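Following this message is one structure expressed as structure tokens.
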Amino acid sequence: MLSNFQDQFASLTVGGLSLGFIYVLIALGYTMVYGVLRMINFANSEVFMYGTFATIIVIRDLFGFTQQSEPATGFRLVYILFLCLIASMLMSGILSIFLELVAYRRLRNRGSNKLAPLISAIGMSIVLAEFMRILTDSRYVGSPRVMEKKSLGTFFGAELRLDNVIIIVAGLILFVSLSQFVQRTRLGKAIRAVSMNEDAAKLMGVNLNFVVSGTFLVGGLMTGAAGFFYVLKYENTSFNIGFELGIAAFTAAILGGIGNIKGAFYGGIALGLLETYASFFLGTQWKAVTVFIVLVFVLYFRPNGVFGEAITQTRA
Amino acid sequence: MSESILKLQNATMQFGGVVALNDVSFEIKKQEILGLIGPNGAGKTTVFNVITGVYQVTKGDITFEGKSLKGRKRYKITRGGVARTFQNIRLWGDMTALENVITATDTHKRSGLISGLFGLPISRREEKRDKARAQELLDFIGIGEYADRLAKNLPYGVQRRLEIARALGTEPKLLLLDEPAAGFNPAEKVELAKTIRKIRDAGYTVLLIEHDMSLVMGVSDRVVVIDFGQKIADDLPAKVQNDKRVIEAYLGVPEDAS
Amino acid sequence: MNERQYMKKQRLISVAAVIALAAGSAVAVAPASNAAAKTVTIAYQGPLTGEEAQVGIDELNGVKYAVKLFNAKNKGKFNVRIVEIDDQGSGTEAAKVAPGAASNKKILGIVGPAYSGATIASLPFYKQTNLPLISPSATRVSITDPAQGLIGFPVFHRIPVTDRVQGPALYKLATRGVSSPKVFVIDDQSPYGVGLVEYMKLGGATLAGQDSVPDKTTDWSATISKVKSASANVVIFTGYYAQAATLFRQLRDSGYTGVLAGGDGVLSPGILTLASASILEGVRLTGGTVPLAEISAKLEADFKAKMGVSSGTYAAESIDAANIFLSCISKGVNTRAAMLKCVKAYKGKSITGSALSFDKYGDTAGGVMNGFEIKGGAIKYTGAVK
Amino acid sequence: MFNLRDWGAGVWERSGRPVRVLIALGAIAAAASLPLLGGTFLNTPIADYGSVLVFPVAIFVIMALGLNIVIGKSGLLDLGYVAFFAIGAYTMGILGTKTGLNSWEILPIGIAMAMFAGLILGVPALRLRGDYLAIITLGFGEIVRITALNLNSIGGANGIVGIPTPPTIFGLEYTFDNHRLYFWTFLIIILLTIWMIRRLSVRRAGRAWESIRQDEDAAELMGVPTFRYKIWAFVLGASVGGAAGVLYASKTLFISPDNFTLQVSILILACVVFGGMGNIWGVVLGAIILGYLPDRIRFISDARLLVFGAVLVLMMNLRPDGLLPRKKREKALPEKGQS
């Protein structure tokens, strides 16, 4: 088994990394909101799921791809992929803002107990998933192939497939842009200010509702991007994929230290790799168990996650 | 005066690179009221925190009745006879004043979950006694009439005093008061001074952090002054007031009367 | 919520012969007087709402189709009604709805339950009230296995053959024509998927490797690495089509060129919408059934004309199950006890033309497994697996 | 605004002992007569009314009461509560089918197993706070389910079939379809649980939990052994979950890992918060409504989960503290409320 593992190590790593980047982006959705509101945005998983559908709608309905179509190439491919990315991000970003308005705003302004928003979010998550289930007749929806999964060569014996490379590179770009956004822009600074101290931020004249909406938007955009990458990599979706991916991404956020952008990054990647290695070594059926045991150990020794809390600490 | 009850021996507390307490030593004698003063950020509350186990001193030692408090769990320190109030009030708002105190009196009772569940006689007896004792303490502090009000609905001054009653509920030998007069008007301060003396006369030892000089000087038997984490004076109130270093430390810092 | 006990099973046929169709087209034969029409009630139980609803709705349509033909033919003599029992395919829900059906004395027999988990949860109530069941799709072996406590005996019967037959057949089909096969099996941790592998092994299969994956897995990189380390040239997936599509895609994309195979859980037109024809080309599948259209185009056309929709999965089994009850009704059966006796003694023909009867424990006697292959974006029947 | 909770508590407090006994007896009688009301507007259209009352309603009530000790009383967010339910059910399933023990004998074993699991989980997890605790407990719930799924010796994916019903006691025969008898049995368990929780809430443990929930640091500095009380809350909550599991298994006779998904934990959590965290009566009401509602509104068939979700959102926005919130009034219940 060990020699097999070495043979396969490189390709497992590539696969784990690209899965990890999907986790990173969803985890950012959780972590941004948590950093600002100290609240688990339970419905973020459905925000992700709607992102995957947005991508498929663009591919299938806007460009008319079917399972029989030839994949696109060249400039047209870039154009289509770009449009898909924008569509998923917008879909998820807008849904995320909507979610905050419906499920959280009133509760937040009333200063309710901590669990009420969580249940409200669970309710929203059921509504969103069920709505999609009814729309899709409980069926899985496949995405036609828009991009041929070409190999770009090998790297330590691992095949570098185009989709994995795109996910890793684009994921990295998105992450860096987000860090820059939080560091440099006015909204980003306001988000950090609120995450440090809500009252102080208010005193400084920050419009809290605006900042919270902005946070949900940014978190939703990242989560939506993950939806696009998910479809690119796995080429299908269904109304119930959000739950599993959401829990995994949330775990990633906790692992790295929730509320901390850098934590989401390393947590997501660590989880992607961990899941993949554990599946190979111990059997896929013990994947989730392994992940949680590792999590318990990490939290036992570092109770605030590997990188601690708070958006303020991001210096990626 | 009699023997000491609490001793800080070269207590040093570092956070990362910041030294909050630097080699501080002093002692408190039984049934004494010791004032602890110093400018803002001098490390007064840190002293409380290291005594009550919120932080562990990085160097030195703290002994209570001759035994080291180092590494002892916080609740055990309290159960051993050290109780405190908080500068920013930390009552349990959704409980009544009486319940706040009873919860503290629970500290040193024997009956636990099981006997409580079955309503064993010991549990019932203790319950009754605790309630009586808690009411007694509220009356002692002068807020007996508020017993059945939720803590969060009480007037500010009553909340401050309830903090003291709650701390007394743990039946401490040493009571640490963290700015008990903050936000009080002069009349209330006079009242508080009386209460503090009354507490001492009832057999407790008091360590008092206070900004209000007249209160501290008026009520304390002895005063310790710290500045930048270091002890700069330890003497009778009258002498401390004329100490050069103390005056220096407070220069530019208004003796705030708030 | 989200119970996934679905024993999605399609089965049937050997060759096409269209007995029922003859009856179906003879609508006008019924006697004119409908004064004394006797109302008889049977029920269908399966998932009619929730995640698995499509399976139940397709089966219910089959039952409705059979009843429609029967009522038309026996106008004036019998009027058969169908009670719909929605168990969402889950054991928990079934335990709630089954008592009601059991105590509704009008119901003489139930086509269903569709899923095995729901069947097991419902059975105590039906056994208690002696209510005969004929399931079109619950294939878990244990239900009829005397060694496992006679869970279903005596009321339970089923049309499809079980995985005890399918396991070895699937192995045989997957390795057919492969010199020195190295077989890698992947199950989805469902009772169905795990059981199929188990019976495959009991049937003497030798495996080069095995993996067991949670039923919502979409990332297969670890499994694929295992397939590669085992240098397998045959991969069998025992699970359902949606996951199969992602697995097959990722396997092919990773450069795997060997055989891909799956059981009846994968044998669904749904898979064609989830992966491209080029990826699915050559996928080998087993199943006890074939779509109505494979039996005869005429049958499918008649079904569509009468029901307004195309036939779905298990249509043939549902029609068979209903027909057994209906034939008993036409013999004048009007109690559950008589119905049970009649079903047990039933000897007739399936809509597919093959003989149909039950053994003592409720399994169909002498069922066969059929092979299929995906060619050019369509599922093609390739004959019985022998 | 009219406040049902305060009104109810007011009536209770003003009453003398005889009136209280009457109120209590009346409430118990009303609850006990529920299974006899199948013919009324309460009837569930498709699901059998009698069995809906047993599961989900009665089982949900028991579990919600147990979870309320953890979340409502001591403020620990537990998202893996289903684990204890599963452990109880599996204890019943395994011992019931493999040994000659009967349900009543297994009940204490199941409870002990669940408590032990609570201890094992609690010791590392309760050092963490808030949301970290949530994810650890969630993981624990999944670990229990996955382990059951992968251990063929305890049925694996197929689960356990043929679990025996409880033996006859006092001439009462527990046939699996005697829903009323089950309901009344479960009602007794519910009353016992309520008694236990009320007892604890007005005494030392209740105050300790309350202080931990409101300000854990202050509690510890006032001499409350917070860690020990958190463990106690966890273990007691687990015991109730375990009991629910044993009872569930000996009613449904067939269990499989599918019955113990994360969704169950979330649903029970919803019951607690929906009804009113920390208030026993609120929690009971929440569990009754959320257990019963999906079957009552079956006529909207496919959209009923959607409606369920929407109800959760709406309710939380209108009444964030639940239907019957915990006490907020000046006059404290424990003053007179204990017997």
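List of remarks:
Every chain is named by a letter (A, B, C and D) in the order it is written, and numbering of its residues begins at 1.
Note that a contact is a pair of C-beta atoms (placed from the backbone, for glycine too) under 8 Å apart; a residue touches a chain by one contact, two chains touch by 3 or more.
Everything numeric in this text was worked out from a predicted model, so none of it was measured.
Note on connectivity: the fewest chain-to-chain touch steps from chain C to chain D number 1. Of all chains, B has its CA centroid at the greatest distance from the CA centroid of chain C.
Chain A and chain C have Cα centroids lying 38 Å from one another.
Chain B and chain C have Cα centroids separated by 76 Å.
The centroid of the Cα atoms in chain A and the matching centroid in chain B are 49 Å apart. Each of residues 285, 288 in chain A touches at least two other chains. Residue positions of chain B touching 2 or more other chains: none.
Counting partner chains per residue, chain D has residues 146, 149-150, 302, 305 touching two or more of them. By the contact rule set out at the top, the touching chain pairs are A-C, A-D, B-D, C-D.
The residues of chain B lying in touch with chain D in their complex are 52, 54, 73-75, 78-79, 83-84, 86, 90-96, 98-99, 102-104, 106-109, 111-113, 116-119, 123, 127, 148-150, 153, 166-167, 169-170. Of all residues in chain D, those touching chain B in their complex are 196, 199-200, 203-205, 207-208, 210-211, 214-215, 217-226, 232, 326-332, 334-335. Across the interface of their complex, chain A is touched by residues 2, 50-54, 189, 211-214, 216-219, 221-223, 225-226, 228-229, 242, 245-246, 249-250, 253-255, 270, 272-277, 377 of chain C. The touching residues of chain C, counted against chain D in their complex, run 1-5, 48-50, 53, 85-86, 90-93, 95-100, 102-103, 117, 120-121, 124-125, 128, 140, 142, 148-149, 151, 189-191, 193-195, 212, 214.
Of all residues in chain A, only 34, 40, 102-103, 106-107, 110, 112-120, 122-128, 130-131, 134, 247, 250-251, 254, 258, 285-286, 288-289, 291-293, 295-296, 299-300, 303-305 touch chain D in the complex they form.
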